[in-house]
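Both complexes shown next keep chain A, but they swap its partner, so chain B is in the first and chain C is in the second.
Showing the complex of A and B:
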């Protein structure tokens, strides 16, 4: 055994020790090993989601109730975040609107990411005519702004939440497919994939066990970037009357509606903007934190 | 012994090019170590990947026979091949750290073949992985199973690769320059480990290397490859003490690393012949010192010599000079 001992291994022991004890501990001690970005991100997103979940009980007013004598009041007092041009409570509208914005953004993002990634991996595998077809379709979709594609679809299918989701998915899968395809081609050429092939593992096993984990980092980074973008697109479509229908609200439509009154009541624009910002930031922090944590472990 | 690797007439070509492997035949009887020796580009790795049937896209393989024991590798379907790879035949590679998935722990990668071939569950496989790591001489295996590839030294990583390759107790190990990327001290340890495992499992080894020194310590027989052809084969004794082919002689001269009279190291003149630069005659002819000395250029340019028996039992060489000598005698 002493003959077979690798002398260089001992120098590594101390670092390996610090890493593995951290990754293996459970419960609250484990939380302490999270990078700060992950902790802050989870706390922020958790708060946002909790508030949105409990909105029906927490919201102080009916979001659609107009009070024309109390229009455009400043934050503070009876209405914590003030009222809009029809005297509706901004806080309540923000809470109710968030449920719509966040759920649609998250749902469309999840569907786009999963579908796009799968398509990209299949393209990288089969190449040839199928790959060519999918990538050219992606080119065409990428040539139009997401909004135009969505508007066209809404025109065909009619406005509504379902249409909005379909439209955003059709416009949203392309970057994931391209990214996943490129990653898959690159990872397939790496040596450990060859090693797995030499061990007789099936294609499906290699994709699940080696390809996806290695592609996850860039895909997650992209997904988190897209989340804020999706929040805004949902809002923009609502503003154009293609998404949420008045008197319902979402963050984007509130931004748009508040715009004419920006100089008198900046809160009408600042609060929905802040809501989008904080939510997108939380998601970005989480993805960054996960990435840092993965890199610390290996 | 029945479980031997038999390759007959293996030829591999890319599209319209001349073949990168031509008419390669070799045997690895059970329990024996055959070393494939040659410069980069001589077709050693291509031979190995042909046996695994994992050639790069665009390569066309033809052969009279590739068989391992009762498994016909040439005719097996992909399903059967996947059972042979890793199950009956395993591979080691040159860059062990790059052969490990950076996102998975060492333990989970050792456990994968255990679960696939031995049907173990997660817990059993994990426990067995620790044993296997200890078995290949990795200190503190309980902790190392949770390490990632980047936390390992090259020597430890190659030990992990050996543990993975031998997890399902294969009957043949193909080692493709397994020590080339390692320190000399670690190299000796890895060679010892491979030898010990070979004896313990009774497996055969196809050992690929460019280093005759390494090969002499581990092999039973040696096959020397040049430009896609086997140019000489024989036992380690025969090849090292009585090399017949001028290329083998030159290789030995190179590996001695003794300065010549002019104070320089010996270098084989010219570049390795590739599929593109091949001519009709002997492939080594453009670099061969013997052909000029003997004045047999006509022979060497005209036809390629056959692999011909020379002297000792099973010692064969592909050189006109050897054949001439036999005719003279």
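Showing the complex of A and C:
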């Protein structure tokens, strides 16, 4: 595997030491040992998730309720973050839209991770023609920028939430498959797997008992690295009108809707973007923190 | 040789995938052509059949594919459904615009990232390093479709210093380049930092320093090449990535490049343009990546074997 395969993932280069530190990663509960980036990241992400989870109870207004006499009001007063061009409460819309953005990003990431990991592990165990086929397909997909995949799928399936998820999964499973395959091949060659094979344990047992637990750490690190990117891409497609369709809205579509009015109400653009930034930043900080922590221990 | 074979197979499979777009979408391709052109919903069935024969769409699929591929290879990419302009011409001019934009943005990113990454490496573990690393890593979390409107709001609408959209003189490039440069800047800085640290700790630099060479001289004579190599590789990866990855920025700033071409083709169901744009982007991505791999091995064979293991 060369540097070019996936230069954006730090997870790949540290595969080997990640496997060895996997066993040592207890003591996660000791907050005092966390680097500051991990603490800040977890706090930020925790807050965002908590707010989104409690949105039905926390949101001050109905996100779709229009009030045409109160259009484009400034932040402060009755509407904490102001109102948009239809007089809808920006804060409530942010909270409801965030549920959509974050859940779509998380869902696509989960599907990509699970599907990619399983394929990768199967490839590593079976090898031969199946392995070759899957890896060549991954090679082809690697040449497709995510946006191009999404555009093609929109052309084929039409715009919408389903298309968005399918497109991001098609573009997203390959790094997981490669990473899982590499890890599985490495773990496969180690003594405890050989021992289990000699003892006559089934393939499924070896995969579940030895491969998955040992590969999980690096795979999770990679997943957390991708989440921010996914969130931004989901927003980009909605911003372009190719993702979520009205009357639903997410952070990306809110930003697009607010843009024509941004001279008068900059908040309509600033707040949704800030929400994406803070959430993506939180995840970036977490993966950075995990990295720092692993290096300290390693 | 094996490389070239993989390249050809990949390109062929991509072209077939793209060729199939109008056939796997619901609806009859002939009717879609007519609808895109006339916007008419009640089409004369006879006209539809006449067009089907005229365009050869009644022939078996593999014949149509080979025909399409043959013509594409000779540079005949057909006409746009909507504007009826020559697709090859549209593609050519769009590619030029996007390439200019991407190279300018990446050069700007490098210009900032190389010094920042070097400083971080030299001051490793000190406050300067922490600040640089944290701030540039935060750049990755900034969505382009947020950065761009905010820049427009401040520099175009409030200050009136720069144009808000369009593609004319170099001033039009500043805001889009700034937006596009943020994310690569972050990765370039991190890679520069990492490779600089490697170089600073490498035996030949330590040896050169212990021979009494000053830090600067030691770096220039022995270090810079190794330090910059990974960054150069990353540069070309990003160049390939931005060919299809600048959709959002091009749409926001109305820049007539590949990204906007792709976007308008999707919105208008302009299949010939969509097909040509996708094949072009993917083909160029593969070619650039392969060339980089080869070049990398030529420049530094030792690094190559080291990276294969990674």
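The criterion applied here is as follows: the second predicted complex is superposed on the first by the 182 of 298 C-alpha atoms of A that agree within 3 Å, B and C clash if a C-alpha of one lies under 4 Å from a C-alpha of the other, contacts with A are read in each partner's own complex, and residues count from 1 in each chain.
Methods note: a contact is a pair of C-beta atoms (placed from the backbone, for glycine too) under 8 Å apart; a residue touches a chain by one contact, two chains touch by 3 or more.
For clarity, every value in this text was computed on a predicted model and none was experimentally measured.
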{"item": "Chain B versus chain C as contact partner of A:259, first or second or both or neither", "value": "second"}
{"item": "When both partners are placed on the shared chain, which of chain B and chain C touches more of chain A", "value": "C"}
{"item": "Touched partner set for A:77, first chain B, second chain C, both or neither", "value": "neither"}
{"item": "Touched partner set for A:192, first chain B, second chain C, both or neither", "value": "first"}
{"item": "Which superposed partner A:147 touches (first chain B, second chain C, both, neither)", "value": "second"}
{"item": "First (chain B), second (chain C), both or neither touched by A:139", "value": "second"}
{"item": "Contacts of A:209 with chain B and chain C, given as first, second, both or neither", "value": "first"}
{"item": "Intersection of the chain A residues that touch chain B with those that touch chain C", "value": "1, 3-4, 7-8, 12-13"}
{"item": "Residues of chain C that touch chain A when the two form their complex", "value": "6, 9-10, 13-14, 18, 21, 24-25, 134, 137-138, 140-147, 149-150, 153, 157, 187, 191, 230, 233-234, 237, 241, 243-245, 247-248, 251, 259, 262-263, 265-267, 269, 271, 274, 278, 281-282, 285-286, 289, 292-293, 296, 304, 307-308, 310"}
{"item": "Chain B-facing residues of chain A, complex", "value": "1, 3-10, 12-13, 15-17, 19-20, 23-24, 190-192, 194-202, 209-210, 213-214, 216, 294, 297-298"}
{"item": "Interface residues, chain B side, partner chain A - complex", "value": "52, 54, 81-87, 90-91, 93, 95, 98-105, 112-113, 116, 136-140, 143-144, 146-153, 155-156, 159, 161, 164-165, 185-186, 189, 192-193"}
{"item": "Chain C-touching residues of chain A, taken from the complex the two chains share", "value": "1-4, 7-8, 12-13, 37, 136, 139-140, 143-148, 151-152, 154-157, 228-229, 232, 235-236, 239-242, 252, 255-256, 259, 262-263, 266, 269-270, 272-274, 276-277, 280-281, 283-284, 288"}
